[in-house]
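Just below is one structure, and these are the notes that go with it.
Labels run A, B and C following the written order; every chain starts at residue 1.
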Amino acid sequence: MTAPAIAQGPAPLLAVENLKRHYVTRGFLGRGSYTVKAVDGISFAIARGETFGLVGESGSGKSTTGRLVLRLEEPSAGRVRFDGADITALPQSALKPVRRRMQIVFQDPYAALNPRMTVGDFVAEPLIVHGLAPARSEREDRVAALFRKVGLDPRFAGRYPHQFSGGQRQRVGIARAIALEPDLIVADEPITALDVSIQAQIVNLFQDLQEEHGLAYLFIAHDLSMVRYLCRRVAVMWRGRIVELGPTDAIFEDARHPYTRSLLSSVPIPDPDQERGRQPLPFDPDALRHAPDQPMVEVGAGHFVLA
Amino acid sequence: MGARGFFRALAASKAGMIGAGLVALFVLLCAAAPLLPVPEPTQSNLRARLMPPTLSWDAIGAHPLGTDNIGRDMLSRILYGGQLTLAIGAAAVVLGGFVGVLLGILAGFRGGITDRILMRLVDIQLAFPLMLLALIVAAALGPSVRNLIIVLALTSWTRYARIVRGQTLALREREFVQSARAIAASPWRIMTRHILPNVMTPALVVATLELARVIILEAALSFLGLGVQPPWPSWGRMLAEGRTYMASAWWIAAFPGLAIMLTVLSVNLLGDWLRDYFDPKLR
Amino acid sequence: MSALLDVRGLRVRFDTPGGTVHAVNDVSYTLADGETLGVVGESGSGKSVHVLAMLGLIPRPPGRIEAGEVIFAGRDLLRLSEAELRDVRGGEIGIIFQDPMTALNPVLTVGRQIAEPLMRHRGLSRARAWARAAELLELVGIADPGRRLAQYPHQFSGGMRQRVMIAIAIACDPKLLIADEPTTALDVTVQAQILRLVRDLKARMGMSVIWITHDMGVVAGIADAVQVMYGGRIVERGPVRAIFKDPRNAYTWGLLRALPDHGRRSHRRLHQIEGQPPDLTLPPEGDPFAPRNPFATPRCFTETPPLVPAADAAPGHLVAAWYDLPRLLAEREGAR
């Protein structure tokens, strides 16, 4: 089974084929150079309305993948297809209609908002850029509707980001992301920086929006319990590669890759009886080498492992 | 916000009020000099040379701050000199700041070849001796107030450009800028709406420091005959001319020096307040 | 077990331009010898600030300790001079922070940073301090300690740096180890290793531990007792099983319910705690959680509940609540 085959679902919304992002770092005075393979040939597909989880640890390449999909960063090789069209080589100017259909929500609600712009202007900006509500009053109505949709009081539109709590800021970021009514949202660790009591609010909001608008999510996370809860399918990234991909239940109950097993066994369980019996499986990263052209093997229905 | 909010915020800050009040006072006094009962600044009176400042009643009417070495009234020269000095300083700071902020944002945001060219330009500018630059401009364009402003702005823009570029490089990676790219906002929009407002704070800090530097620099250039031409006074020229008489007639250098100091101080107070005013967190 | 640490009525304030922040409000508790206490709460709950305050680690001003006593091994820490406190920190009390990179000095070798407190607090000679430093690195699971001692912090990975921090913290055989979110910035596989390391060290050295975290899973594994904080107050405290199986405060209950079920893929909607954390510059009257609490009674809005033993609960299970949560939950269940 070749890698691109994994990306061929029945007319997926997003298909990523053999995507790579390599950084070349030059040594002092240009002497010597080495290549960092942040993303090293990954393939997956996301169907309309699906929540696809991408998990991995820091440095695994999962956030870079999200940025590559949105063309916020340029891939070194491979393809990104959105709704059947290859967007990998489109010039930035031709990307505008595509950008309207895919958006991003970031991890850090503090860095994600412009501190010098009112949150109302921030949410209205995509409407202005795409000429969707040229009249001021119409725009204000739409911003107010977006605020209500994400559970914010529209009267707060004239305030600045620092006047909001972390959870409220994340709602502002989500309002901006859905302003263009996209088909896909890349959610890059959207709840990691939030307090536990607020995380559930945001996760529920994501699900409500999905139900209402048929959104698809690329949900990037390292919190595996939330991924298990939210996602229909999951891909596990390790050192720039997807080492395992499959239906959530298959991954969580029948993990095949040693890294996936170690990762799953490391998650603390919020129950003293279970947690005290938990034995994390060790994993020796140096003992594992994947050949650059190593294929993924299908071990179950839609369940692939980098053997 | 608007003008009313601006003045209400200003009224609430003691330091801001003092700074703004003094700046306004200096500007008004200098601008109103022709309306005040003072002699012409260029009118010399060889019988009243080197008169010290005095508080005695009959002398106050004539020369309260004394006279210089050819008997010109010091008060009048300070007021008229202030016109030139403040105008030149403000123009140089605004021009240098405008160019510097613009090119700094451009270099930081575009990166690559644009950045390399602009930053080499900054290096060349900084490596170029100031006096040589002033001489070249004076020789090529002739000494004039306009050319003086150009020279001063040329020495100034690099400082804004460097700091603003550094800030822009950091801002460019910030998530709200990424998010602006994700909604297909134009580079112009990103630079003006997302980057410019966030580099205004450091740019303002540089501007208040630059005003002081530019005033002093104007003095040096005018002293060398590359700036304001005699007999018209500027604070810098007066300071430079007074140096010779430091031991015998201290007031010739002291009053322009005091004027420069007070101006710089009040501009700094105002600048500090403006910086806080532009920061929504502190409002 | 006798009390190693006795905190009484600790009250911490921060004077900011926006008003006085009531960061810690009348926090009282005891920690027994050899006990591991998990302190849980969200940002602004006071879980970290109250510990930093008792160690003299909050900037003053804007911070100030308005009231309280912290009796540690017979002395009131709040009455000690800065020099005496420095001896306590890194001596009898070891501390690990969330971000080891900012806690370690980047221009000193790791060996020097471990050896220094040993020379300072224990009066060891340089050679003996370095030998002990090598032993400590080995103890925290760093291979080839001789070579590693001569290296600088940037040459260590995040997890390894946290091990170095632990080595520094336990260098002087502390009676108490305070860990302030030490695994929050680490990957889960590394977190699992650090948790096991601390459990092993504790078993070997018998110290008490205060483990501050927002992660209920971590607490479930490491703590003997759990203390839940909200709005600068302790809202519940008890043996770990009691807190997880029989929570009596609506906030604790809500936190546990807000987590996805482990091991089951049920698609119940996540229970969400409505509203936002309290603004501590305007602390609400009464129970700080009342505005977000679906079980709140009128009294919750006017009077702050004291932390008292919960009715029909495990020994040592304390709760601050005017309502009887098990009864309310049973009624709700019955109504369905």
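The rule is short, and it goes like this: contacts are C-beta pairs under 8 Å (C-beta built on N, C-alpha and C of every residue); 3 or more make two chains touch, one makes a residue touch a chain.
This structure is a prediction, so every number in the text was calculated from the model and none was measured.
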item: Chain-level touch network, classified as line, ring, star, complete or other; value: line
item: Leader among chain pairs (count of C-beta contacts); value: A-C
item: Chain centre separation in whole Å, for chain C relative to chain B (CA means); value: 53
item: Computed distance of Cα centres, chain B from chain A, in Å; value: 50
item: Centroid spacing, where centroids are CA-atom means, of chain A and chain C in whole angstrom; value: 32
item: In chain B, residues with contacts to at least two other chains; value: none
item: Chain C residues touching chain A - in the complex, by the definition given at the top; value: 42-43, 158, 187-189, 191-193, 195-196, 214-221, 240-241, 244, 251, 254-256, 258-263, 265, 267, 269-274, 276-277
item: In the complex with chain A, residue positions of chain B that touch it; value: 174-176, 178-186, 189, 193-194, 197-198, 278, 280-281
item: Chain A to chain B touching residues, read off their complex; value: 67, 70, 72, 95-96, 99-100, 102-104, 106-108, 111-117, 122, 125-126, 129-130, 160, 162, 173, 176, 180
item: For the chain A and chain C complex, residues of the former touching the latter; value: 57-58, 165-168, 195-201, 203-204, 207, 222, 224-226, 228-229, 248-249, 252, 262-263, 265-276, 278, 280, 283
